[in-house]
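Per-chain residue numbering starts at 1, and chain names A, B and C are given in the order in which the chains are listed.
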Amino acid sequence: MTRIVLDRLHKAFATQAAPVLAGLSLDVHPGELVALLGPSGSGKSTVLKIIAGIEQPDSGDVRFGAQSLLHVPPHQRGAVLMFQKAYLFPFLNVADNIGFGLKLRGASKQQMRSEVGRMLELVEMPGIERKFPGQLSGGQQQRVALARALVVEPHVLLLDEPLSSLDTAIRHTLQETIRRIQRELGITTLLVTHDLQEAIAMSDRTALLLDGMIEAIDRPETLFQRPPTQTAARFMGISTFVTGRVEGAQLLAPWGALQVAGDGEPSHAATFAIRPEHLRLLDASAPNAVPGALQDVAYNGEFTLYHVAIGADDVRIKAYQTVPQPPVGALVYVQFPPEHLFEVLV
Amino acid sequence: MAKEGIAGQIRSGATAAATHQRWWQRLVIALTLAPALGLIAVLFGTSVVYGVAQSLGYLPFLGQRTLTLSAYRNILGGGNVAHDFWISFGFSLWVCSAATLLAGAGALLVVMLFGDRLGGATRGLMILNINLSFPHLVWAIGLSLLLVQSGLLARVATALHLIGMPADFPVLVRDRYGIGIILDYITKETPFLVLILLSILRSQPHAFGVVAQNLGATRWQRLRYVTLPLVLPGLSAGALLVFAYVFGAYEVPAVLGVQFPRMLSVLALEFFANPDLHSRAEGMAISVIMALVVLVVALLGRILSNRSAS
Amino acid sequence: MRRFVWNIFLVLAGLLLFAPVVIFGLYGFSTRYFYPQLIPSYWSATAFLRQLTDVRTRQALILSLEIGTVVSCLSLLVGYPAARTLGMRPFRGKSVVYMLLFVPTVVPPVATGIGLNILFLRTGLAGTVLGVALVHLIPVLPYVVFTLSSVFARYDPHYEYQALVLGASRVQVFWTVTLPLIFPGIVVATLFAFLISWSQYLLTFLIGGGQVLTLPILLFSTVAGGNPQATAVLSLIFVTPVVVILIATSRYLATDRVHGESGITL
């Protein structure tokens, strides 16, 4: 099992003013699956390309364990990439596609046949050796591409949004398959995605990549529930922030005083955040509730989205159960449960 | 009941409209295709009919109106005519095979070595395109001035003291082995095949190479296991088209060839231009045979290229 | 190392390409250029100017231009609707249509020309400019249809629908939307159609019967005459439009694969 160390990677392209990677450091533990989550253009794919050796960093280092890779040619790195499309060679059948890497290493025909069979079992597609890529669906193609990547027993698996062009249902089953195989083989994996759900569902740890740096990295549930910074919080779907002074267990905000889960820190200025599904919409005053005017109600199937104007701010509330349904424009109360309010760095 | 009736009416109205629409579309298709297809059909069709008729001895200007296979018998059977024909046939095959194989190998080599650079280099593409557009007649003339025994190459050789006089320079044009003709076609058709191969490579995602590299392929292995299988069907198709073209072309052997041996196209035209009008039938029969060979080869190439495209 | 090999390759390829043109220049702009001179000792434009002002050359030049223009314009006119249908409408028998257009382009001109010779003699078209122009359509028209249909195959008709919805008439749509969108394809198709006609020797010879003296006919008879100087000058005149057209369309050719694909100009 291999540990991936990315050490202060810098990379800029001539066509863009801002650098794509601005001193990115990341440590992926042996056997771990880390998801690199970021908006498009945040340099996620560049990270993978640098690890695979397709791109060179301007400065910084890539190490597997203690060994630096910068001077190892791409085909000797043992880091296999999977792309958004499967890129199965159209002139080879499934067996020859999977066996491609083995052939390069001079494996015998018999060895190839048994390995291909084993790999097809692993990706849950046994018996399709003779088919050609054109006869497979997108999801099946990605399974074959996964088999083709794994058969060479790489040190590291690099996944570049391999599921983003697939339908939702197929995407979810493939997420599970990849996750299962990754755990079985214990292969260190770096997954790049812009899909929050995918990152959370698949990773041991999720790293948020913003502006060429790791903004935050943590276990997915922690990152989702308690993002450490305001930027990270916004990316996790949080839009309600309350800024004020903390005095004991009280946050003195422009809307009034709110109870927070303080532990008796000294008085300081702070910004608190709360997930939209943790806010509660009430039609009467209650503890830790702030009055506001209901601006908009949008029924969304699984949940209902309310917009409430508090002062000049727009507060979004996601309610998964039906709540009293006041008319738009009515006076409502938004309750901030203290256990869900958490401090973020600005 | 009433409801059903209305629904039925609507449905039948819809189908009537659809039928009408279909007819209208067919009419548009037919009318737009008609002028082009008509012109080609009349021009080419009559050429085929008259050509085949003549080869069968239908020569009304000689008062000959009965159809016979004697022209074909003369060509393919014994006698002087057949002797000429088979020698020319063999010579054509030799020239075509040599030119096609060498051009194909050359194109493959160029693309394997420089494909990645050439694909992006506008300059390179431009050179290939200019070469492709040069009329064969002019190219042959240029080569003959370059390669004759008193030509530019011989003069360079003299200046370098490699040869003492023109007669020392090898006979490269108007030679009995068709070397001049073959050289002409190699220099013209290699760029053509390179362009075909480049367009195939360009239509393939660049990622195939990256994927292979990522799976551990060296540069050579990428060429061998990815580039080669990607371009091979297209190359074979292109080579067949080249073969078909060379087999039937006239200008180059006329400029760079000798009286003996002649390529089939030259032979056919000679029979046709013979003052003895009876040999017209034989000239035409040679053309028909030539056309058949060319068509079979070209259609094979087309099938191959369609299959590799899909 | 690879850079070095690449440069050598470029030089060789360039030499090979320009060698004929250089040779034409050496022979055409000199006098008494005999073996073993590498470079002519007497440069002169007299031969070139004499050939250029020669009545036969001028007439051949004009005739070739006329025939080329008529043939390419006619092919465009006739080929455009067919190409649009082939490129954009699905219909049964499309492959048959393509085949019908493909076959005439590969059957050797020797066969086509000899076959048409008698018909044209009978109808009085042999030996006329019209007859020659008609026979040029056999290689040119399919080329135009193929080129334009591949343009239309990549053409998105939604631009036209948008214009129609905004109130443009069919004619307005053609001039303001369709034409600007396919203009590069039209230019390439027309100019290369011209070049194909311009380069025809054998069909012109077989149908023109020595009475329609286009530039290739004149060039070929000069070659037979064995005067390298006259041959070189005529060759230069003959290839000039080719190079001009290539350079004029180069930016379309670099981006468009039309030309390399069709393979008609082989």
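The working rule: contacts are C-beta pairs under 8 Å (C-beta built on N, C-alpha and C of every residue); 3 or more make two chains touch, one makes a residue touch a chain.
Small disclaimer: the values here were computed from a predicted structure and weren't measured.
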How would one label the connectivity among the chains shown: line, ring, star, complete, or other? line
What chain pair has the highest count of contacting C-beta pairs? B-C
Tell me, please, which chain's centre (mean of its C-alpha atoms) is farthest from the centre of subunit C? A
Using the average of all C-alpha atoms in each chain as its centre, how far is it in Å between subunit A and subunit C? 57
How many angstrom between the C-alpha centroids of subunit C and subunit B? 16
Subunit C partner, complex, touching residues on subunit B are 25-26, 28-29, 31-33, 35-37, 39-41, 43-44, 46-52, 54, 61, 110, 113-114, 117, 122-127, 129-139, 141-143, 145-146, 150-152, 154-156, 158-159, 166, 187, 189, 192, 195-196, 198-199, 202, 238, 241-242, 244-245, 247-251, 254-255, 265, 268-269, 272, 283-284, 287-288, 290-291, 294-295, 298, 302
Which bits of subunit A are touching subunit B when the two form their complex? 52, 54, 74-76, 78-81, 83, 85, 87, 89, 91-92, 100-101, 103-105, 148-149, 152
What residues on subunit C touch subunit B, complex-wise? 5-6, 9-10, 13-14, 16-17, 19-21, 23-24, 26-27, 34-38, 78-79, 81-82, 84-86, 89, 91, 97, 100-104, 106-119, 134-135, 137-138, 141-142, 145, 192, 195, 198-199, 201-202, 216, 219-220, 223, 228, 231-232, 235, 238-239, 242-243, 245-246, 250, 253-254, 257, 259-261, 263, 265-266
With touch defined as at the start, can you tell me which subunit B residues reach subunit A in the complex? 205, 207-208, 210-218, 221, 225-226, 229-230
